[in-house]
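Below is one structure, written out as structure tokens; the observations come after it.
For reference, chains read A, B, C and D in written order, and residue numbers begin at 1 within each chain.
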Amino acid sequence: MYLNGVEIEETFAEAFTMRGTRVTITAVNETWARHAALAATGFATSVIGCGVEAGIEGPTASTPDGRFGLDCLFFAFSKEDMEKYLIKRIGQAIMTAPTSACFDGELPEFQGQGDTLNKVNIGGKLRFFGDSYQASKVIGNQRYWRIPVMDGEFLVQEEFTVAKAIGGGNFLILAKSAEAALLASEAAVEAMRTIRGVILPFPGGVVRSGSQVGSNYKFLSASTNTAYCPTIRGRLGNSLLPDGVNAVLEIVIDGLTFEAVSRAMQVGINAATQVQGVQRITAGNYGGRLGKHHFHLKEILI
Amino acid sequence: MYLNGVEIEETFAEAFTMRGTRVTITAVNETWARHAALAATGFATSVIGCGVEAGIEGPTASTPDGRFGLDCLFFAFSKEDMEKYLIKRIGQAIMTAPTSACFDGELPEFQGQGDTLNKVNIGGKLRFFGDSYQASKVIGNQRYWRIPVMDGEFLVQEEFTVAKAIGGGNFLILAKSAEAALLASEAAVEAMRTIRGVILPFPGGVVRSGSQVGSNYKFLSASTNTAYCPTIRGRLGNSLLPDGVNAVLEIVIDGLTFEAVSRAMQVGINAATQVQGVQRITAGNYGGRLGKHHFHLKEILI
Amino acid sequence: MYLNGVEIEETFAEAFTMRGTRVTITAVNETWARHAALAATGFATSVIGCGVEAGIEGPTASTPDGRFGLDCLFFAFSKEDMEKYLIKRIGQAIMTAPTSACFDGELPEFQGQGDTLNKVNIGGKLRFFGDSYQASKVIGNQRYWRIPVMDGEFLVQEEFTVAKAIGGGNFLILAKSAEAALLASEAAVEAMRTIRGVILPFPGGVVRSGSQVGSNYKFLSASTNTAYCPTIRGRLGNSLLPDGVNAVLEIVIDGLTFEAVSRAMQVGINAATQVQGVQRITAGNYGGRLGKHHFHLKEILI
Amino acid sequence: MYLNGVEIEETFAEAFTMRGTRVTITAVNETWARHAALAATGFATSVIGCGVEAGIEGPTASTPDGRFGLDCLFFAFSKEDMEKYLIKRIGQAIMTAPTSACFDGELPEFQGQGDTLNKVNIGGKLRFFGDSYQASKVIGNQRYWRIPVMDGEFLVQEEFTVAKAIGGGNFLILAKSAEAALLASEAAVEAMRTIRGVILPFPGGVVRSGSQVGSNYKFLSASTNTAYCPTIRGRLGNSLLPDGVNAVLEIVIDGLTFEAVSRAMQVGINAATQVQGVQRITAGNYGGRLGKHHFHLKEILI
């Protein structure tokens, strides 16, 4: 299959079931909402190394307090991990930020599928920071905590919603040069940022140190994805780099639903293939043995 | 004492001895150096909650590979912690970023004080990711590792320098309104960003949830700094908020040397006091019992 | 009328009929589309002083060449002025920008109202820069010009659509302090940036040097809006500043349709009134004698 | 000559004598200083099409009012043009911006060369906007005007300094691909932004539509630089594109002094030649007949 003149490999991306939560951060203006969001979602590229994967999803359509808001998505291995890491990240990076408030972003994507949803207790634990001066109010069926801080109060919702979600959607951009791979990645990321329900956890949305399961070192369970490393292609028997390809970059996608990840992959691949020097698009999988979710490039792009 | 018509309290900021390292990140351009730097220094507001405190210090004057570079500073409790967290943060957030390389920023501030310096092994451990295809080269008396990745090679220095440094320098801005406190904080942060050798670990450089030692809850060792919380002043016998002050924000500074922290506090306080509505500047301390480094506002501002 | 506890004056904004055009700029990525858009829409705050009023409307939903795009809106006094200034601004600031292309953004807002639309010839005139090496192609019923430049070709549409549009929609934020007025303006601008079909031509979207018709100097036809200047209120008999108001900022809106300007004013006023220290919202008019379009605050906010 | 493995042509950039002025814009914080600076220096790529060439030089080391400041440089054909365009740009784009003030950036570069300096009257003319409510004060030997506006006062210096300066310094980056040319340009621009006394007037600092004197059309005096256009190389007898070069981008530099322009070219060329895929660096001239200032690449790079 060819898209915009670029070959699309007949393969699929293999992704995993994780737990996802949407956190809405509001502040007096976008600058300060963004400071809080960057701090809260920083150092969150890989659930193994960082505990969570996280990123800024985009501006909130309508916020509970009417102020500017940014939605952030967090992904963890389990509901328990989600609670543990959200308390840390909200307490260290959002509660500390001037003028901020923090709300359960809810998950309208899952409406009517209540059985896939859970709640974690965040505001109900952070409240003790208020040293007994905190207060709560209930609006609708939600409880909110008002914790006194030096510029007024930090308002935080008691419970946040956790849903079954998807981690590790991906595709790879194979290009003539590192420059073309980078510009194609930038174009893909910008297109994918318009899709809601997904985040790209790596720096700038792109990862260049793709990994393989296993290693020549027994004490390591993963190592660089040798088959895609251009500088060592001559030393390998199993390089997967076609002639004319001298650089590869990967886009990893975490999303709330299969549809959101599919749509993000679609617009990202479409944008990448419009950049000169891109030679091929492929995706990473483990033969279908490890991850429950399979994104076949051909089906996504139709 | 008055500065720009604003009262400066006769007090001091009390800060602690930590360990500090400068990490230089280079990339093909500023955009990608910044993506890596933001990811590596994200979620690093407090050493207790995040393991390290970190931030972007500024552009590198002259980089080993001649490309655009950003210096980042990391602060940890011990040399051992520094090694552990730097390996994680460089491996997860810098090695993964397209086109990046990572160098020991060295610490010219400490020239001739070799006894306060140590080395941690970073590249020497990350190299195993190369699955035996990595290579090293020695230039001068430094060893560098070249780890094959999908867009070429990740170049990382073997050892990084660790020095005794200072965490927790601070001052507080007391203002008529939350708006004035915020604008004064922004002005202070922008002025302080021009000073090298320091970073401001909190979101946007500012913290609004200052804390006190101890809590009304026995299971907590710290809580909100009640004496500076405006919404509960009427319920306290010991509020420290003067009449006319309705909001407080704090700037926390980590720095490599006493001089760098002093200079940052000086330009920050000077900038803050030029914003209308600022009523007073003070600083946080524990009576001098806990931290080794005392920054007397009066001495700093002369 | 009160909104979020803030008084809304019973008055209206008076705006004028202008000519508007949407220009879509695409480039290899957002960075370069934005460089071109900022240069093309810079120095365009007032049609009297700058020839056009212009701004970035937002990302393009779907671009003709599939790349990242930004929609910009330009407003001029007449169709003839629009042609003259667009040729200059596209030739100087978009054609010069690496990787850019430039398309008629069309005006779906006016579908079915063909009689209010005109065409100006842009690509048909810029093409001569190609020194006879330019080429054209027709797709659908549109002609495009390919002009050879040093990084390939500059693709520009021959004709751009011009519609009757609206300039000078506005509202004023009266606040307790300059700090509160500024933060409220920032909040308003961020909310209004989500509305399509409008731009805010002043720096950062805000104007602080509002003007009145006439002057104490005979050679000047306009001067500072004395009735809203806080520093001279004591010297005037006709100050319009209520007690407790010490600063005013104005948001000016140009838009393609009455509905778009109304909606932008609505979300902007709503956001501004949620910032502490805002005392009153009003709007500027000339008693209804000069401008054809009247935006009554009360009707807009219902 | 070779630099970082890239051929440097033995040629020179030919530049012209212009008039230059430094304008310092201060505001309550960097955000608002930047809004004003972007508006004031926008649409200023070419003195022929825009009246002035302008750009942001960088943060001000020490501002007259102690607030955050940005230095901007403006270049015009004559002292008279400078006065005319500065009044427009400061009046439309700086005076209008919330919290701004505007100062003569002085020109320490020319200390002791008083005969090359002139003054233009800016504040002395803008003051009439104050409708007789303006006031002046003299500090040292400088007069400043305080013009009442809606958020307080606009402070603007009466006179601004104009010096003989240099327009049209340049170099060209010849690369294997458009992608490599673009990344090399980005690297050059970032390096050059650290040099004071210069600005890069084109969008993002780069121009892709280089021009030649003369045209196949008699009514045009300039046209696309055909010899450097890759898409038409086969149709020309005089293409200057070497084999393997498929894209060219140009960096144009305006500067206050010969030394500043030289230094900017040096760091820019050095940065560009470190990007993979760059094949050659050259510069634009008219055989030395038109411009007074010649920048020989070989001399600059030694």
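We adopt the following convention: contacts are C-beta pairs under 8 Å (C-beta built on N, C-alpha and C of every residue); 3 or more make two chains touch, one makes a residue touch a chain.
As the structure is a computational prediction, the values presented were derived from the model and not from experiment.
Between chain B and chain C the CA-based rotation angle works out to 180°, given as a multiple of 5. Most remote from chain A, judged by the distance between CA-atom centroids, is D.
Centre-to-centre separation of chain A and chain D, using mean CA positions: 40 Å.
Between the Cα centres of chain A and chain B there is a gap of 26 Å. Shared contact sites, meaning residues of chain A that touch two or more other chains, fall at 28, 31, 178-179, 182-183, 275. Residues of chain A touching chain C in their complex: 4, 28-31, 59, 65-68, 183, 186-187, 190-191, 194, 270-271, 274-275. Taken in their complex, chain D has these residues touching chain C: 28, 31-32, 35-36, 38-46, 49-50, 88-89, 91-100, 128-133, 147-154, 172, 178-179, 181-182, 185, 202-204, 206-212, 215-217, 219-220, 223-226, 228-232, 235, 247-250. If you check the complex, the residues on chain A that touch chain D are 31, 176-180, 182-183, 275-277.
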